[in-house]
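Both of the next two complexes hold chain A, though its partner changes from chain B to chain C.
Coming up: the complex of A and B.
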């Protein structure tokens, strides 16, 4: 007769404790990213009567809204490209240049503060300095005899808003690109030099191509950063410059214009454009990063 | 005039002088090693030759031209770095062709040279590989090809083998030496590995604390070291504490055993304590023709190293280490065994501190 040992019970499967650590992230991502996106997606196809409709999407293709998207894309693109170019030059200068070491620390600290300085306070700061009656405007006029408003500048315009955005775009570029520049090995530039290359040739063939994926990645981040900014634009221009976030805000804040369905459609359009920027980045960086696997 | 002429080269960082007025000259086609412990200034000298460091004073001449104040990209030198410094964004062909491209060599000629170089380093057909797709040894070979493709006047090697594992290190250093001989290119090789320097060089510059300790062919450096530093840094060395027995007869006492030392300096007083040094391979177990000194000792330890057996023998209060070839027909001596150690008295060295 065989004696069978009692089967030992399988240890109960327990969710590992580590999951608790990432729980806040998962909860936030679901509550404030995934669910709202689904809600938008649904909302964009529901009319005022609660029925399924394409009217909201169709309404996006009116002149006013297309113009708003276009100016949003232009402002975001301009502030991202200028911010990336100026920020890259600054970061290269403080990290690779022969400048005093404390300057780097000072620029990095300032960048940390400035990249987070946005919204109504930033708008106010620019109105107080470069507004029609701003401090800098008046000093330029009285001391240097330069009337910037008469020469065509207007803070409440495309370039005014772009300039204001640059205040946080440039520092953000500096902060994000700095580690990538630190990652450029000294031996690469020395190897290029001993092979006869000038500094410019090193950057042209080696340095910038290596940085390129990081620059593209940051560029798409800067674009999204500007594209979604509402408080700075609203604080600066009120509703005089119709960019998409302001138009969207008008649809949902609860006055006579209100059309939540159109608001959802506008937001969906923004999601799509941001997603396009990210996809373009992913495709290009995957191609240029094939040697970095 | 020497092909590479380094004269009174000095480099200071603030009050810290790392290279102290070093001078040497080498002929065209020589393979020279700068050997020394880390911090001895060897890499700084190489970097001054390359142009990455500016000397505080002194000059560097190559082929009669003073290059001291030239920029690195004007010097027409080739260099291989310690870490894999291949350009990660370029494939092997473009890496090797980089110097040629900068020099404006037409694409067709460039491609032909890349093919030649890959053949030379034993990696034909690797043009389209990227550095990340290759092993460390392959990357260093490509780095070598990249350095010599533009036909530089001189090749500088900054510890190019130290990041590789032992087997590849040995095979690659033989390969580097073969390629160097084939091209006849004057080469300066920086290393802290004495075996590497001994095996590969025509001449070696042994450095310590910013100064040259000794300059000579590998066998000179090893067989007749001029200072204690050179003797201990290059190869193994036994120290024997002895007292002078008879200065006229040139005999010393090793814990009561009397030894005649032909190299004993004159004018030394009796009963003075001194240190003699002797290489492990000079000592033999048992008699050997030419050995005129016989010592008795006990075996303290035996280390089997394959073809060589390293035996530590206690001679009075001194312990010496000696190497004998493995004899497959005889067992190595046992610990505690009493043995006779012989040597030639002329191989006992008296070194300046």
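Coming up: the complex of A and C.
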């Protein structure tokens, strides 16, 4: 280039233009994310008389609410751990298992669909499958003579809900972990093989340790995903199952706990738990990116 | 390594069974409305239900507004942050992750408390106000996906050069965004739009707590009161989700493969 154009100082008008462009986003984030959440969570520390108090937090420690948190944590934990393990196995199978290539594309597409197929329709699907009149229930009873409901299974229970949640947890795991598995370089397994490692040794000492941060990180994302989910549970059980989101739903609907401050405290507990899970995810995923160059 | 491949098949087939059986069972269940033979009566019953038509079109309209508002909120912000204010990026990344951390039920609880009929901005005081609130709630739900789609799209084009060229040609900022940037990231924006649509169309929690006649609450209501229609609705919802995701896949093939200037 022959002539360098002198860097013209930006006219002051442009600065306001920039802010004008970003302003809708910032106003939106304040109005529909920050203010409502902070206002709600602050309500957890305000008593009926309008004064600052810890009474609402203390009131969380009743049997019903503790039980609700406990079963929510168990369902979220179980569906996250099982979802991560099964999702990892499936992703490994389609990427590293030398299955026909079109299978991989099909599984990835299906995962995109199934991970978004949560909520009320998913509940319907599982009622039609494993409900009292569901196809699988009936086939097991008439063909194999196994009455799963008589032997203690119930769709509206810990295992029923976990099994249903897996329908969106496993695909989410497949979607998130697939790029990490793609990042495992071919040279690594070849090098290990040349040095005499068995496939088991390769996964034990090289593959899994590299994938581990991604797996742990996704695990916490899956946990938060299940913990905040309500539509699937509500579609399955109505309000009969005592998990935290459903308790909160009942509180918003009709002040079921007879104390708005307690509702806010319940919400605060949920945000703290999902925030913890996500902070773990962010920290671990930042660490695991070192291997993905 | 033969064993390896054997286990891969076992895992794949077991997984496929878990995912296909509920769909097959639901489809079979949806055909059982007549006592003696299979029929599509439950689907006919669903489609002829005026409440289905009303709630479904309501959700489609709300979804379209949410898509448009999402683009209006996100595209200029991402554009200016890329072009002039890169120091705002971490802030944007953080904000757009928040909807994944804050469950939808908490957001809507906050809206109901903050924007009730006696507040400064009484969104929930009127039907129209609540509709607007619902649109913005859905923009919030879809924000992580819209932002990432737009950001990825913007990364594949050379924002700097396009902007300079347009400025030399005499375009103003609004023209640059609407007729230069937007068409160039159209594929990414549309992917975000279809994902938004898939999330919004059957959403239950927010619509139900804001008391709006949307498709999600309708689904729940049918589930509580009917036997075979819910199965038909589950199949219909699955096909809609599949359609939205399929569109994203198709669009992906048209995505530009150029890379941005690296200076």
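Keep this in mind: the second predicted complex is superposed on the first by the 242 of 293 C-alpha atoms of A that agree within 3 Å, B and C clash if a C-alpha of one lies under 4 Å from a C-alpha of the other, contacts with A are read in each partner's own complex, and residues count from 1 in each chain.
Here, a residue touches a chain if its C-beta (ideal position, glycine included) is under 8 Å from a C-beta of that chain, and two chains touch if they have at least 3 such contacts.
All of these numbers come straight from a predicted model, not from anything done at the bench.
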> So, does A:155 touch the first partner chain B, the second partner chain C, both, or neither?
Replying inline: neither
> Does chain B (first) or chain C (second) touch A:112, or do both, or does neither?
Replying inline: second
> Taking the superposition as given, does A:206 touch the first partner, chain B, the second, chain C, both, or neither?
Replying inline: first
> For A:226, is the partner it touches chain B (first), chain C (second), both, or none of the two (neither)?
Replying inline: neither
>> With both complexes superposed on chain A, which partner does A:188 reach: first (chain B), second (chain C), both or neither?
In response: first
>> Residues of chain A touched by chain B versus by chain C: which partner has the larger set?
In response: C
> Which partner does A:274 reach: the first (chain B), the second (chain C), both, or neither?
Replying inline: second
> Is A:197 contacted by the first partner chain B, the second partner chain C, both or neither?
Replying inline: first
> Which chain A residues qualify as touching chain C in the complex?
Replying inline: 17-18, 21-22, 24-26, 28-29, 31-33, 35-37, 39-40, 43, 86, 89-90, 92-94, 96-99, 103, 107, 109-110, 112-114, 116-117, 119-129, 133-136, 166-167, 170-171, 199, 221, 224, 227-231, 234-235, 238, 245, 248-249, 252-253, 260, 263-264, 267, 270-271, 274-275, 278, 282
>> Give the list of chain A residues in touch with chain B in this complex.
In response: 185, 187-188, 190-198, 201, 205-206, 209-210, 288, 290-293
> Which of the residues in chain B end up touching chain A in this complex?
Replying inline: 50-52, 71-73, 75-79, 81, 83, 85-91, 98-99, 102-103, 130-132, 143, 146-147, 150, 156
> Which residues, counting only chain C, touch chain A once they are in their complex?
Replying inline: 1, 4-5, 7-9, 11-12, 15, 18-19, 21-26, 28-30, 72-74, 76-77, 79-81, 83-85, 88, 92, 95, 97-115, 136-137, 139-140, 173, 177, 195, 198-199, 202-205, 209, 216, 219-220, 223-224, 230-231, 233-234, 237-238, 241-242, 244-246, 248-249
